[in-house]
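Structures given as structure tokens follow.
Heads up, the next two complexes both have chain A, just with different partners, chain B and then chain C.
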Partner chain A sequence: MTVLAASGRVWQRNWLVYKRLWHRSLAFGFLQPVLFLTAMGIGIGALLTPASLEAFGGVEFIDWLGPGLLAAMAMQTATFESTYPIMNKIMWGRNYEAMLSTPVGIRSIVGGELAWGAFRIGTLATIFLVVLALFGIPRSPMAILAIPVAVLVGVAFSACLIAFTATQKNDVGFSAIFRFVINPLFLFSGTFFPLTQLPDELQAVAWATPLFHGVELIRGAILDQLDPLTAPLHLGYLLLMFGIGAWLAERNLARRMAD
Partner chain B sequence: MGPMRNGARIGLECETPMTNQQQSLVHARALTKRYANSFTAVDGIDFDVRPGKAFGFLGPNGAGKTSTMRMIACSSPVTEGTLSVIGMDPRTQAREIKAKLGVVPQHDNLDTELTVRENLEMYARYFDIPRDVANRRTAELLEFVQLDERAKDQVEPLSGGMKRRLTIARALINDPELVILDEPTTGLDPQARHLLWERLYQLKRRGATLIITTHYMDEAEQLCDHLVVMDKAKIVAEGSPRQLIDQHSTKEVLELRFTDAVREDLNGQLNGQLDGLADRIEELPDRHLLYTENGERTLEQVNLRKIPVESALVRRSSMEDVFLRLTGRSLVE
Partner chain C sequence: MTTLTQPAASGALATAWQRIWRARRLVERNIMFYRHQWIIILSGVFEPIFYLLGIGLGLGAIIQEVTLTDGRVVAYAAFVAPALLATAAMNGAVFETIFNVFFKLNFAKIYDGVLATPMGITEIALGEMMWALMRAALYAVAMFVIMLFAGLILSPWGLLIVPAALLVAAAFAAAGLAGTSYLRTVNDFDVPMGLVVMPMFLFSGTFFPISIYPLPIQVFMQATPLYHAISLIRGLSTGSVGTAQLWDLAYLVLFFAVCMWIAMRQMERKLIK
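Moving on to the complex of A and B:
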């Protein structure tokens, strides 16, 4: 059995568990963006004056916000899927110990979990895009590119968080990650307001953080505003983050499981 | 190995040519495990596991049994020494070895998000077993461990004994050449233990090779053809249960209990009075053990000397006596 086939088995195990609950998960995936867009886009957007809308590049607030939320959803889903469930499989439920007694190896486990994350985020991003379409937000068929970009954002975060989780002996570290990493990224990555509102130094910081690049690419794809100069930079950042994260995840999990 | 051929009922059609019989399934020389904090868990041990036998590691907690098991199962790297498992090297052929092993870990690691049947079917997928074969074996194994009626249930409500049996069924899903069981009955009630032993017996009769760790002497005596006794990371004795008892203990043991009053009265004199009655005398907190070839005769002599015994019991020597002799301590402390 190849590493790839074994990854497929790890994916399949997650599917076996998920398929009992898929309708709930998908209903939630639909409801979440509808609620957010209604509350923030229509509720807040209606209060903005034409002058203040200039900062959003001349589009309606809801059009500007929607793609940002899609990128943030990819990050958050990846975060939840790669913290508690992974820790459970390492420590509490010992699923990985059981898998490692079979020909399934560490690389296949990491590969299977990342493939699972890609699948989950891919489905949720598709539903999200449908919701955006219902709100009339996408400008062109190019918007479909938002799905693979959301998947890339998701697996980049998943890989780094699996690497982190593999080093943790309990779940205390997770709340620090949620509070000090995920939440600030959610708020300050150009999701809710343009970064030009921030002082120059903070704009530079935002450029160094990952979600910003995902937001830029996804918004560019959906509003048909991709900049051929910066898009490769954003893409390169996310690919590099994924590569390093996946490498660290395999290394850390191997060390952990040999304990 | 005749009965083996009829093993199809539990999917244990052993494919190893039995011409390899003389070869050992696990071969270890100077096998050593040292952890990062330089703690030595296994200190240069030698052993050979023969095909078709039940091989036992007996010893107290912390003796190095589990570390040895984890090295055999390729889940913990060998620090030093030679280890070959089913003719392969765990350092380079872990995947190939794991494909032929069945592992029953000390702590259950069943998938609690899946049903009983799904646990076996999914595990079969990890071994890349074709679906039709997997389904057939799952049905056979659930019957073998008497869980066929619970097939659709979740794992969590099962009793400890049932979970262990399911774990054993899971370890057999790939028709392993070697089954490793780490303390299979620890924590189970007597009834569940006996049921489990009975199943392991069946497995043995079908020709499976088993490696079992335990700190229960009765388990070791019941199940194992060959035993090594481990203490403080080393092997302190080796042989069949009968051989070990013959070599390290007498045929019978006379257990004498005295009232506290007598103990205090006679104080140091008690040992003097018992002197010469047995090959060896062990003084435990609650009783004296007199190792002798004939317990009844020794008891007669005790009575002749008018030693005020509260109660007396004559029994055959057991592995517990061997362990006490070799290490000066009881197995379960």
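Moving on to the complex of A and C:
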């Protein structure tokens, strides 16, 4: 069996489990952006004066916020899917041990899990984009590009987090990751307020963090304001993160399963 | 419950005290359990702080000011901070009573063991309640200190913030205890978290006054416990204290009592068949 075919089997295993829960997952995938946009978008938008909207490049706050939330959703879903479920398959349910006694190898496991993450985030991003369209936010058909970018954000985070999870002996470290990495990224990546509000040094830090690049690309695609100069940089950052993450994930999981 | 070694205590107060004293064992058990996992609890302290920095200051630099229900105008950060404190108290209580109690009830079967001791259902409920209150108190006190030093407590009424947050935590701990007994699998967590806690967090006047919504929606929002928790604590921190805060207080006490009653009944059903 080739690595690709074996990855397909790993993907299929996740699909069989998910098939029983998909309707609930999609319903929450729809509900969450609706609630966030109605609350934060409209609610906070009502507190902003027309003059203060200049900070958001002159667009309505809800239009500015929506695409940022889409990027954040990709990160959060990828994070959740790559922590507890992966740890379960490593040590609680021991699914990987069973898989490795078949022609499925470590590379196929990582490949199959990443393909699964891509599928999940792809469906959720599509639903999210539909919600944004219901709020009349996308400016042009270019907005469709937000879906592959969201998938890239998702797999980049998934790969890095699988690499992290493979090194953990229990789930205590996940709390630290959620609270000290994911939550600050959610709040300080230009999702809720423009980074120009931050002092210069902190702006430089934000440029070094991953979600910021996803937010810029997705917002650019949806509001039809992609900058041909910076877009390749953002894309390059995410691709590099994905590459390094996937390499580390395979290496760490191989070490862990050899224990 | 009577034992041969102890003289029968007289009066309801003494019995209540005995139960609380016995329930402390469950708190001790939880402390021992968390000894090597304290980061799970401690990291929760930072959640409202990050929100205060990101939304309160980051977005607040653009929004600047908000008008309170009594017409006073305050800085956006002073508006958001008490709501984040109330939410942190809720989260501390709810995480402990929903996730952890579910796990102990259904997987670890901790309470089956506990019931084989002189502790009963009441002691279990009391013990988990006290523990959830301790966790929520940590979050509330941490946030209170931050608000104090950041100058976000605008009135001497602010001294009552921590006791008020404990009432909020007790109400949500009771709700969590009542709710968790209805969950069957870990996938069911979506329901309390996704359909109750998260929407409440967004729509209880946390980040903006609910007056921007049409009246029927406002009435619906005012029916939620977090709305009253935020209204109470924001009233205290900004000094806009009025009859509304008395209603908040009454709501939370009643909510606590009803949830506690459901929780006890459900626990008894689940554990003693």
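Throughout what follows, the second predicted complex is superposed on the first by the 259 of 259 C-alpha atoms of A that agree within 3 Å, B and C clash if a C-alpha of one lies under 4 Å from a C-alpha of the other, contacts with A are read in each partner's own complex, and residues count from 1 in each chain.
Everything that follows uses one rule, which is that a residue touches a chain if its C-beta (ideal position, glycine included) is under 8 Å from a C-beta of that chain, and two chains touch if they have at least 3 such contacts.
Just so we're clear, the structure is a prediction, and the values are computed from it rather than from any experiment.
Of the two partner chains, chain B is the only one touched by A:5; chain C is not.
Contacts of A:94 after superposition: chain B is touched, whereas chain C is not reached. Shared-chain residue A:240: touches no atom of chain B or chain C.
After overlaying the two complexes on the shared chain, residue contacts for A:16 are found with chain B alone; chain C is out of touch.
When the two structures are aligned on the shared chain, A:134 is found in touch with neither chain B nor chain C. Touch criterion not met for A:204: it reaches neither chain B nor chain C.
In the superposition on chain A, A:48 contacts chain C only, with no contact to chain B. Looking at the superposition, the partner that touches the larger set of chain A residues, chain B or chain C, turns out to be C. By the document's definition of touching, of the two partners only chain C reaches A:188; chain B does not. Contacts of A:102 after superposition: chain B is touched, whereas chain C is not reached. On the side of chain C, the complex with chain A involves touching residues 36-37, 39-40, 43-44, 46-47, 50-51, 53-55, 58-59, 61-64, 66, 76, 187, 190, 194-195, 198-199, 202-203, 207-208, 212.
Those residues of chain A lying in contact with chain B across their complex are 1, 5-6, 9, 12-13, 16-17, 93-95, 97-105, 257-258. By the touch criterion stated above, chain A contacts chain C in their complex at residues 21, 24, 28, 31-32, 35-36, 38-40, 42-44, 46-48, 52, 55, 170, 172-173, 175-176, 178-180, 183-184, 187-188, 192-193, 197-198.
Contact residues on chain B toward chain A in their complex (touch as defined above): 73, 75-77, 94-96, 98-99, 101, 103, 105, 107, 109-114, 118, 122-123, 125-128, 174.
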